[in-house]
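In structure tokens below, several structures.
Below are two complexes that have chain A in common, paired first with chain B and then with chain C.
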Partner chain A sequence: MGSRASTLLREEEIEEIKKETGFSHSQITRLYSRFTSLDKGENGTLSREDFQRIPELAINPLGDRIINAFFPEGEDQVNFRGFMRTLAHFRPIEDSEKNKNTSTSEPLNSRTNKLLFAFRLYDLDRDDKISRDELLQVLRMMVGVNISDEQLGSIADRTIQEADTNGDSSISFNEFIKVLEKVDVEQKMSIRFLH
Partner chain B sequence: IHSLATYISPMHSLSARNSTAHRKAFPVLSFNYEYVRKPFEISLWILLALLMKLGFHVIPRVSHVVPESCLLIFVGLLVGGVIKAIRQTAPVLDTDLFFLYLLPPIILDAGYFLPIRPFTENLGTILVFAVVGTLWNAFFVGGAMYGVCQLEGGQLRGVDLLSCLLFGSIVSAVDPVAVLAVFEEIHINELLYILVFGESLLNDAVTVVLYHLFEEFSHAGVVTVADALLGGLCFFVVSCGGILVGAIYGLLGAFTSRFTSHTRVIEPLFVFLYSYMAYLSAEVFHLSGIMSLIACGVVMRPYVEANISHKSYTTVKYFLKMWSSVSETLIFIFLGVSTVAGPHAWNWTFVIVTVVLCLVSRVLGVVGLTFVINKFRIVKLTKKDQFIVAYGGLRGAIAFSLGFLLTGNKMKDLFLTAIITLIFFTVFVQGMTIRPLVELLEVKKKRECDGSINEEIHTQFLDHLLVGIEDICGHYGHHHWKDKLSRFNKAYVKKWLIAGDRSTEPQLLSFYNKMEMKQAMMMVESGGAPSRRKTVISKSREMEVRKMLHSNMQKNRQRLRSYSRHDLMMDPFEDDVSEVRFRKQRVEMERRMSHYLTVPAKRPEPPPSVRRVTEITSVDGRKFKVSAELIFYCCVWSVTLWLF
Partner chain C sequence: SSSSSSDSDEESLSEGEMAALKEEVEEKKKLVATLRNKPWRMKRRLILLEAQEFIEKFEGALGKGKGKKLYAFKVMMTKKFIKFKRDFENFKTAFIPWEGKIKEVEHFGSSVASYFIFLRWMYGLNLVLFGFMFGLVVLPEILMGLPYGSIPRKTVPRQEQAKAMDFSVLFDFGGYCKYSFLFYGYYDHKRTIGVLQFRLPLSYLLVGVGIFGYSLMVVIRMARNSNEGGDGADEGEFTFSWKMFTSWDYLIGNPETADNKYASITTSFKESIVDEQENQKDENIHLRRFLRVLANVLILCSLGGSGYLIYFVVKRSQEFADMDNDELSWFEKNEVEFVMSLLGLVCPPLFETIAELEDYHPRIALKWQLGRIFALFLGNLYTFLFALFDEVNAKLESEKTIKNATEWALKEYRSNYSSYFNTTDVPPPDVHPADVIRGPCWETAVGIEFVKLIVSDIQVNYLTILIGDFLRAVIVRFLNYCWCWDLEAGFPSYGEFDISGNVLGLIFNQGMIMGAFYAPGLVGLNVLRLLCSMYYQCWAVMACNVPHERVFKASRSNNFYMGLLLLVLFLSLLPVVYTIMTLSPSFDCGPFGQEKMYDVVMETIEQDLPSFIGDIFGYATNPGLIMPAVLLMRLAIYYLNAVSKGYQQANIDLKKKMQTDEEKNRRNNTDSTNQVMKDLEDLLPDKSLILPPTAETKSPKMKPGAAANGKGVNLQKDVSLAASNPRGVVTRAPGPRSQPPGNARGPKPGQGRGRGGGRPPRQ
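Now for the complex of A and B:
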């Protein structure tokens, strides 16, 4: 039990997280207790195995990719700050934030950043383009084994054809944004973290 | 139309006289109107109504300013005036006619094509508006009305509290027919549409319970707490019971559609009949028929659409639209006719106060409820949204029919007059002004394009993503339960209700197929190659595509022997890329069209001239088929037995 005390959240940390992510005090503490319940090794960080222990995530077609999104480039452990930083993308956009013309950096849960998060899940090799193969991979994960490769290929081709405006046979981030402009991303990519 | 005009046919006596007179030649031409009177008059009414509807659209300027419902009521007024002038008794909007024949098609049309995703996403909001909002309206209007009646004195003093509450419950409900008629023309954005329309559908349960409650009590005279509690319980029974009945019929309908592969012409009828039976069965037990109908349509739709052929799907769609259009037209015209015909008891105070109170209570209700709801919504409702929701609370024919149902109530004429005035006010004033207001306030309109495949894929992608994130947070929200339901659906329900291979077909593929089909049809209609193929296909890719098409064409040949156009073979040495591309598209299009017009699933079908049972290759498959058929017949028999 002694090691637990060192991982308790300090007030300054809470304030810092609040400023960075915009979560409220109670939300942060609640998510911290979730973090610690997932952290079986009790060392203040989560590894990939900790995430994979969540049963529903195992049957989620995008499970691995979502887990990877929490870990920064090349690392195998994520601390609470990193955890919150990723989750901050899914905070609902407040009305007060919507109309702000910020000259400072955009909050993590702005529409663009939400879409960037989703885009990065497609674009594994980080070349800022969703190529046909990356798209095929995602499609195959989502539809399972019941479609033949040709059909999947034609779906992927059609998708790229619809979105591609500059003719490079892949979807760039701007094209991605454009295609989803009619979808209510603010609502779709938000979780109501109960306060 | 039950109480139609009694025409005295002069010819009848003439022909009678002729037969008793001296023997004459065989009558080559005779006249017997009585024989066809009833269906003739019904058809004539419907025909005239539809000609009116046609006429409005020929005059473009009028139909832009005035919504169709107003014009139809106006025509009804004229017709009613004419009938009164020639001193016939006009057909009145009889309650049976309305609730049993005119209302169900409209509700079924709305329920079958209900956009499910926005509906479930906003279900909480819709329920709050429907239940709490209607209750608030009913009690506020009833209570305030009572107060006004007491204050006013004179002839209104006799209106007791229970009658006022009964009146309040009748006028409080937003009417789906009127809402549909007006909102359909202004093309407002999906969120507002589903909020107002969903509310108008779901408040039926509340209206039914309140109406019956107050009607019982107004005869009894006094209300106890136990009665009020029973009323509350009744509400749950009515709504949940209605939904349950609808869901059962929906599942039955889906199950039936599984076996209709050999009798495709009657497929649409199953959809209509099961839904209608759901409505009637719910009405038998005084459950909410509207909710039952909606539940039936919603439950049935995904499975039926996977099972029935494309032609049947089109038939269902167009018949529903047709019937609902006819019903709506007739309802509004009859409303006009009944206004002129019915007995009226005009009381300035009562009528004006009714209209004012309804408006005030609606605004207060919406504003107050939105304040509470916004605390729980991710996307808050803005002031503009609130205004449209409040302003779109139209009353319509349901209120009128409920008022008509009042029997033995001495205030009936008074109430009816007020109800009619309220309906006229909302439909004319609010209906006409809502379009300029929507323009003025720059409310978001409905997005015009159909779903693109990108949106479909990315939406599904985001769904999975959100479910994953919710699981990581340990938060069991909206996405979690939706995901659980769809898994359950895929694992168990689809196997039973969808025939053949389609049961395992992923949603993405069916969406893609539908899109391709649509594009193929558009290409046929425009008669040429589409304009957007701008990228040059590389040679190797072309070879790939040709190979794929060639193999598909082989399969095609086995399936449809009568179709000879697939003899169009592609010359692999053809060098002109555009010519090949055009041919490839044409062949691809033909393949798709022949595939999707008659066969919903990828299984081999016998040629259409020979009707024989498709042979099932695997033994297990046969056993399964046999037992499923057995269950189907058992169900049918048990239903028939129960009915008789």
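Now for the complex of A and C:
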């Protein structure tokens, strides 16, 4: 597995990716082999259909949005660098990094950046706020037609009521962070490498 | 630095780490080599041992020196072992029975699935109990004991033999059933049986009591486990937000599982909605209180009524027993069980309708309902047992007379024989076992009652599901085409799965199994019953029921049902223990021939175990010793209780501390790193030893002379230099050196990210 994949990936590239994302050498080669197994067209890039082939993503109500997060604005193909850049958000936080303070440039996998990734899945229009309509869309996707519209509306209102602290009837990023304060985001939003 | 590098001990190292490690090892080697030349005290040189260990440990990792092959081998074996463990875990989960079925049922909501998980757990428990009973009591008797027909207790009496094979008799557990290994009466009271000298009576007693002990232990263990999973942060604050953002399980890849997950998310939202609605209702206190009191009075009346009914019916059954069997209709013969099952069927809905008066929050109403059903079942069981007790006493009386008669007959026979043949050596009377006069074996009678009770319980349960759910669903579905109103939406519509009723039924069933002391076959029967129930109820739920409209769990954790189970087990233990201790066993049936059943234990102690153990037991049962022991146990309970409370308090305090620490960290960046540095400082054995390597890595460009100078000068210098670097050396590749080497002597702010940042430079 390892040796065949890394012949296609040059050492300098690995070094660059390492610097950019913080993954270790073995982790990068592992992810590269996953990338190539997804890349059915063998042209070094992934399209949206390639991602749809992953069953867990296809079933996920937010699957399309997650896939979109991999593709930069307006493009339809993503190469390995782009792939790694997005996956960098999911790098596990090592114990040695846990006590680091939040100074100027945070690593891509800090808790705040993980939460920002999740936030962007909900905030489609990128106005840094999750509005009631966006919540309704997500609810509709999660629940289908089993709950009536007005009940969904009241769920959305209740959610905003719980989270909103500055009274603008939408959830800003800081409020989002506060809501998920007690959730173990570092562990849930991390790739579990097996060794 | 060995303390900090020990975390990355046996794992595979990345290249950067390997390089850093290499440097460390080189430095230590150099140190060791040059140690002799240094004018240090002995104490310092002894620290060398540490350095030596470090080299040996890590040289292997770097592929040099003696340790290389061994280290590589160890690493490979560890990896293989981890992989093997993982595969084995996956393999094991494939063996969990009914996992697929339960996942299907989860579509109905987690409560229904939790009922089936509970059922599965019960099945496991009963399987173990069955193993004990079967392996240690039934099997030895069958294999090594006397066969059927050899002694009186194992033979059907002559009067009954004509009918012994009839289905109706067998169905009532008379005839051949009664005189088989299923019941107490079959077992022989010889002290040891077979080639292996297996002590059956002792085994019987110990297994009978051990079954209780095991059940109690297992339930307590379950209760403890379920407690650990539950408590964490308080759930109340962000219920809806969490449900919204974190309820999806991203590891689901199977479409069916995804459907189940969608359904359970829906149910969970509905639950929360109803919860919210309930919290906002208004109250009118006085009317409410009056209604509640009224409801409780009504329910007490009905409980009393049902208890009296049972007593009355059992008394009547005793009268029937005196009459000839043929004249009784089926109904009269099975009146007791019929009435008890009927009560169990009718009263809970009655309680529910009365409870409408009370108008509680659904969760609280559910708890009250469960409590009342509990009281109902308990009352019924105990009334039944009391009524049975009268019967047992009556049998004991008649037994005495029969026993006297038998002894007298034997004496007569002996005296006749010896006077006729003029010898003293009298052979036993040559009577066919079926003709011997028998005492009424009260234990078997009690066993039969228990078995009949459980069988009728099973019958009623299955019939209810068949009629109440299946037939109803069929009628609603097909009659709907030609009926005036909409059967599906209005009355009667499809049934809902009554979780609490079913769980209670299961719990009480387990309580009644404790009658297995008098009927060893009962446990096997129960295992079969649970197996069938699993499939039958799974099918019934999926085919005939609809998910609940209002969804509520009785409690957040499983502990409620576990506590109930514990209580029921304990309460059903009491009658059996009472009978063991006070009543004397029948003289001609069952494994106990002594005055009291527990005498068999005494006998074993006296005869089989060495004499001093008998003495020990004698002393131990002295009241003078038992009272202090009881006192000690109470003190121990009190102490453990206090300790556990202390731990809980400490837990809360620690949580608070963690929160305040986190906040402090966020506010005050530099302070946190200082704390970390301080901790590291404290860990270092002797800081001066670390200085030379530090100076070298920090400033490889320095001339050797300057390095030596640095070493020589910094030995007496402040410690902060050492403290600022240990992690940097081992865990990270050397970062960009922003300061010229000369400044290595004193730490400056901004020297490296987070390294001794806020401290004033000390010279």
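Just so we're on the same page, the second predicted complex is superposed on the first by the 182 of 195 C-alpha atoms of A that agree within 3 Å, B and C clash if a C-alpha of one lies under 4 Å from a C-alpha of the other, contacts with A are read in each partner's own complex, and residues count from 1 in each chain.
Going forward, a residue touches a chain if its C-beta (ideal position, glycine included) is under 8 Å from a C-beta of that chain, and two chains touch if they have at least 3 such contacts.
Please read these numbers as outputs of a predicted model, since none were measured by experiment.
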When chain B and chain C are modelled together on chain A, clash or fit: clash
So, A:Val143: does it touch chain B (first), chain C (second), both, or neither? both
With the two complexes superposed on chain A, say which partner A:Lys40 touches: chain B (first), chain C (second), both, or neither. neither
Just checking: does A:Ser190 make contact with chain B only, chain C only, both, or neither of them? Give me first, second, both or neither. first
Residues of chain A touched: more by chain B or chain C? B
If we overlay the two complexes on their shared chain A, which of chain B and chain C does A:Thr159 touch? Say first, second, both or neither. both
Figure out whether A:Leu87 sits in contact with chain B (first) or chain C (second), or with both, or with neither. first
For A:Gly167, using the defined touch cut-off, is the partner it touches chain B, chain C, both, or neither? Pick first, second, both or neither. first
One more residue to check, A:Ser26. First (chain B), second (chain C), both or neither? second
Once the structures are superposed on A, label A:Arg53 by its partner contacts, choosing first (chain B), second (chain C), both or neither. neither
Tell me which stretch of chain C runs into chain B once the two are superposed: 273-281, 327-335 or 687-695. 273-281
Taking the stated contact definition, name every residue in chain A that is touched by chain B in one complex and by chain C in the other, in rising order. 56, 59-62, 95, 118, 122, 138-139, 142-144, 146-147, 151, 154-155, 158-159, 162-163, 179-180, 182-183, 188, 194
Residues of chain A touching chain B in the complex: 31, 34, 37-38, 51, 54, 56-57, 59-63, 66, 87, 90, 92, 95, 118, 121-122, 138-139, 142-144, 146-147, 150-151, 154-155, 158-159, 161-163, 167, 169, 179-180, 182-194
Contacting residues of chain A [partner chain C, same complex]: 24-26, 55-56, 59-62, 95-96, 99-103, 118, 122, 135, 138-139, 142-144, 146-147, 151, 154-155, 158-159, 162-163, 179-180, 182-183, 188, 194-195
Sites on chain C touched by chain A in the complex: 7, 11-12, 14-15, 79, 82, 86, 233, 237-242, 244-248, 250-255, 258, 262-263, 265-266, 269-270, 272-273, 276, 665-666, 669-670, 672-673, 676, 727, 731, 753-754
Contacting residues of chain B [partner chain A, same complex]: 121, 376, 378-380, 447, 449, 452-455, 457-462, 464-475, 477, 479-480, 487, 504-506, 508-509, 512, 515-516, 532, 534-535, 548
